[in-house]
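Here come two complexes built around chain A, the first alongside chain B, the second alongside chain C.
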Partner chain A sequence: MTTAITILFFGVAYGMILYLISVGLSVTMGLMGFVNLAHGVFAMLGGYVTVTLMNRLGVPFLPSLAAGCVLVAALGFVLERTLYRHLYGRSELDQVLFSFGLILVSVAIVRIAWGPLAQPIQLPDYLKGQVTILHLTLPAYRVALVGFATAVISGLWFVFDRTLFGARIRAAVDNRAMAQSIGINTSRLFAGTFGLGTGLAALGGGLGADVLAISPTYPLDYIVYFLIVVAVGGLGDIRGPFVAALAIGLADTACHYVVPQAGSIFIFAFVFIVLIWRPNGIMRRR
Partner chain B sequence: MSFTKKIGSRLLRQGLVAAALTMAALAPAKAETIKVGVILTYSGRDAALGEQIDRAINLFSKLHASELPPGVKIELVKRDDTGVNPSLAKRLAQELVLRDHVQILTGGQWTPNAMAIAALTKEAKVPFVTMTAGGSTVTQQSPYVVRTGWTLWQTSYPLGEWAAKQGWKTAYTVVSDFAPGYDGEAAFTKSFTEGGGKIVGSVRIPLATTDYLPYFQKVKDTNPDVVYVFNPGGPQATAFMKAFDDIGITKSKIKLIGPLDITSDEELPNMGRSALGVVTLGQYSPAATRKANADFIAAWKKEYGANSVPTYFAVAGWDGMQAIYDAINAQKGNAQKGIIDPDAMMKFLRGWSDPNSPRGPIKIDQQGDLVQNLYLRRVEEKDGHLANIEFATIGPIGDPWKVFNKK
Partner chain C sequence: MATVSASPIVRSLTSSVIVRVLKLLPWVAVAALPLALPGYEPLATQVFVMILFALSLDLLVGYAGIVTLGHAGLFGMGAYTASILSVHGITDPIVTALCGMMLAAVTGLAFGVAMLRTKGLTLLMLTMASAFLLYEIANKATGLTGGEDGLQGVSFTPLLGLFAFDFRGRTAFFYSLAALFLVFTFVQVLINSPFGWSLRGIRENDARMAAIGCPIMRRRIIIYVIASALAGLAGALQAQTTQFVALHSLSFELSGNILIMLILGGSGRLYGAFVGVPSFMLAQDQLAKQDPANWFLGLGLILIAMVMLAPGGIIGIAERIVHAIKARRRP
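What follows is the complex of A and B.
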């Protein structure tokens, strides 16, 4: 029984990291209709900033995470204003080519700046080892991860459901033309949302540095997982990807425990079946 | 053009040609260059390991340049295989042989890559000194391959015997999912069960995995006496050790043992105290006190900084270069004409020995494998930092797999 709970816990932790990174992509794709394959770049940069501040300058973990988040969100905002906005009306192929090109450029720049090796992350002592909660011995880092991610996700859902900004985003996702005609400045909304999405991705990248290793090929290695979360969860939604990410995290983790020889086949089989059943994602009706 | 001008330009041309030919004939004889193709991993997650070998190659070339026959130079042509990628490694080797006209191939960091390159050398007749590929069958792929590293059977088979002698009854094997992992798993399983032990579980972890916790949870739940671990070393060794720590195995009664890759010396500082007490079997530790090693470490630190540590990967590269240089010197006449006779070189290499390697006395046997001492080491704290301290010697031995599988 304890084993089942522990596996559940690991799966949830993994799923939450995937969610944090992918939710921004879901919103951007749903809101702006933009196929942004380069979303993983922002998660990677968040990871690099966090790890560099911690390892080189000895900045504590949480401030490093915050710094990574803020810096990358700012970068995302700038890139949206300067590069992305020129491609909104274009065909999907153009957008895919652009974002893929952006991936390749980032990979090269990161490799020059930080070298080709994966970044080792030296966790602070209070995050190493294990903690015992309710008779369960769990890795301290994963516990902190789940706790922190829960707080961030709750905050995100609050912003989406209860604030004007969130309402505007939901309106623009549902019907952009209508939203524009009632006076919502969609152009500024896109920039702000893009910044939010990339900031979250950076947070996920930094927080999950132990689970998804930070290396120059990060955007290429994990893009499939982010796209799976978005495809299964549904575009433009923030609840759907949560269910999808948790499902994937749990399925992958359980599979590695029970049938390690199967590798990651299970995830892809799972995605295949879900998409046949619900082509627009788990939660979306339309 | 007028008649005189035509004659003038023809004379000019002929004069220039004559002058050029004279200059070529009178020019001093240039040094003959032997091209050596080096295929290593210079990018990606495991580039740290390739960098170790590369540094050893560069340092050796720098310090021993004067030991080549007079008039002979070596040109290293380096290519990046980006990781475990046999089809890319084969293509790079093909290009090196056909386009760059290399006469010797070396590097061969990973078993799958080395297998692909070795199969090529059979047809191409190019000597291949593979440095760190650990799979036993690599040297059987062609008569043109020798190895200056080690094999997983060398570092895992005696470990199973030793573990059984410690009185441990149950073992769980955890290996990375590629050829050397299978070798290590098979070697340990054979000797441990022959010694009276029982394997209670085994798992092969895909190379691309970054989250090891689900796999290790199962190991912890099975509660064996000892866990045999193999991973390719470098950053993955640290990731494994941290995951073992996170899951609570390092603090429990379960013992962790494995070949030297799992406590890779350059990663020990990153592993921290979680690695204390882990016993490994290996052919080289930078903490060894023999003179050849002291000289090697001094030269290394002088070149790469006092904080840099050469590992068994570096030593494999170092010894590989020593073998190549010795082989070239053995063919002085050919080398000075810029040629290498591959069959003569292979005859020399399969029988080559070096009593002064930083790892102790070594020699290459007729199967192309390295015969060397293996040392049992434990991770201990010495002078304020962690090191693999040798406490027993086994050998010298060659590759046990070849002994069991004599054709």
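What follows is the complex of A and C.
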């Protein structure tokens, strides 16, 4: 019973981190059709900013997260305006190579600046230890993580469903030419969405620094998980990837607990089965 | 009369013979390399193996338009098959290489049937996931593969029962060069066949190819299986010539590197692999020793610059220079 609840809880925490990082990739993929393998770079940078501010400068946790989010969102915005937007019409191979190049450059820069080792996050006292909720003893950090991520995700869904900005994104995902013809400035929309997506990734990277270790090879180590969430969840959607991320988080955690000798074998097999059954993602029937 | 009509044929025959002989010259020159640069045989052997591997990838990326980020999975399949067989007593190089090819082809068939129904990001992710799956299996099946330590004690009997794999690497050098020559000839015939041209058609516009009655799915699976077999051969050769196999041969890093090597040379050009692989491996040999960070930085910047400014790789740049010169000569 306790094992089941532990798996459930850790799986949900892991899934939410995966979702925060990947949702931006799903929306930008659906919007611009850009195969951005370098999305994990932004999560890594968010993690580095957060960890550095906390460990070296003693800035509290939440302001560090916010700083990471804002700085990386700005970087994402600038990169979209200067580099990415020139490659929207290009072949998939060009986009793959470009984003792979970006990964290599970021790996090198981070390695030069922070060294090759992983940067452990030094959590504030109120996030260390355990808390007891309804007779269940759970690690405080993960409780805070789930709570905070839930708040961010609710905010994101509100923006996507209830604001003009969200409506514009949905319109452009559905039919970009039509969105342009009714006066939506899609070029500006792309930049704004890209910035938002990279900011969320940075938030996920910082918040999940204790789940996905912050090291220079971060974008290479976890890229397959981010892509799985997007491919299984469906492109241009924000709810499909949520279901996918939670499913992956739970399944991966359960596999590592129940059959540690199999590692991640089941998760990759599971992904193959899901995508043979539903090639366009679990939420799409087409 | 007869001589007049025959002469163009004779001329074209002799010229095609001359062209063929000329095309063999680089191979002869390379085969003479151990005389000119003794001591470089092991590095050259690795270059040949990687060119073979890159050629197999070019069939997919350059000709069929299937971008894969998991090609190392099939390379590793060949490498592990040959090594595991050798540890269990089957040590003939040719037999184990053929087994490696076979198993990689079967693996490619299984994955290909599942993956090639999808497109775009999903296909890309699945190719990556296929290699991660194989990596994880090799990582966990320590009894069979040695896990993280790699498989020790891999050794092979002399080639054809005559040439032992010596310390200086002469046998490995000529063995891998011969394999590369055979594969290159096969690939050349393949891509100039109607089948090869139909692949280019599918790459350019699959809807039109379907409309003129080309079985797209079957063609894509066939080329995936062929490329898998060749990648498996490259893997088996690597295991045989280095007498070692480790998880690196299945890694995402290798999948990415081989794609970069191919693209640096120029994909869909047959000779791209011959230019890109040596350039990459020599540069890596020199630069990565000092500091891997500088190597990643340089490689990343080159990739970005190439995509933004010079698509087509080194061969592509050379082609454009040749075109420019020709255009100037004939205004």
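Methods note: the second predicted complex is superposed on the first by the 284 of 286 C-alpha atoms of A that agree within 3 Å, B and C clash if a C-alpha of one lies under 4 Å from a C-alpha of the other, contacts with A are read in each partner's own complex, and residues count from 1 in each chain.
The rule is simple: a contact is a pair of C-beta atoms (placed from the backbone, for glycine too) under 8 Å apart; a residue touches a chain by one contact, two chains touch by 3 or more.
As the structure is a prediction and not an experimental result, all values here were calculated from the model.
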item: Which of chain B and chain C A:Thr137 touches, first, second, both or neither; value: first
item: Which of chain B and chain C A:Thr150 touches, first, second, both or neither; value: neither
item: Dominant contact partner of chain A by residue count, chain C or chain B; value: C
item: Chain B versus chain C as contact partner of A:Asn185, first or second or both or neither; value: neither
item: First, second, both or neither for A:Glu92, with chain B first and chain C second; value: second
item: Touched partner set for A:Thr253, first chain B, second chain C, both or neither; value: first
item: Chain B versus chain C as contact partner of A:Arg111, first or second or both or neither; value: both
item: Contacts of A:Val230 with chain B and chain C, given as first, second, both or neither; value: second
item: Which superposed partner A:Gln261 touches (first chain B, second chain C, both, neither); value: both
item: Chain B/chain C common contact set on chain A; value: 111, 261, 263-264
item: Complex contacts: residues of chain A adjacent to chain B; value: 3, 6-7, 10, 14, 111, 115-118, 120, 122, 128-130, 137, 139-142, 210-213, 215-217, 221, 253-254, 256-257, 260-261, 263-264
item: Residues of chain C defined as touching chain A within the complex; value: 61, 67, 69, 114, 117-118, 120-122, 124-126, 128-130, 132-133, 136-137, 139-140, 252-253, 256, 259-260, 263, 267, 292-297, 299-304, 306-308, 311
item: Residues of chain A touching chain C in the complex; value: 29, 35, 83, 86-87, 90, 92-94, 96-98, 100-109, 111-112, 220, 223-224, 227-228, 230-231, 235, 261-265, 268-269, 271-272, 275-276, 279-280
item: Touching residues (chain side chain B, partner chain A) in the complex; value: 42-45, 47-48, 203-206, 208-211, 213-215, 217-218, 221, 235, 238-239, 242, 245-248, 251, 270
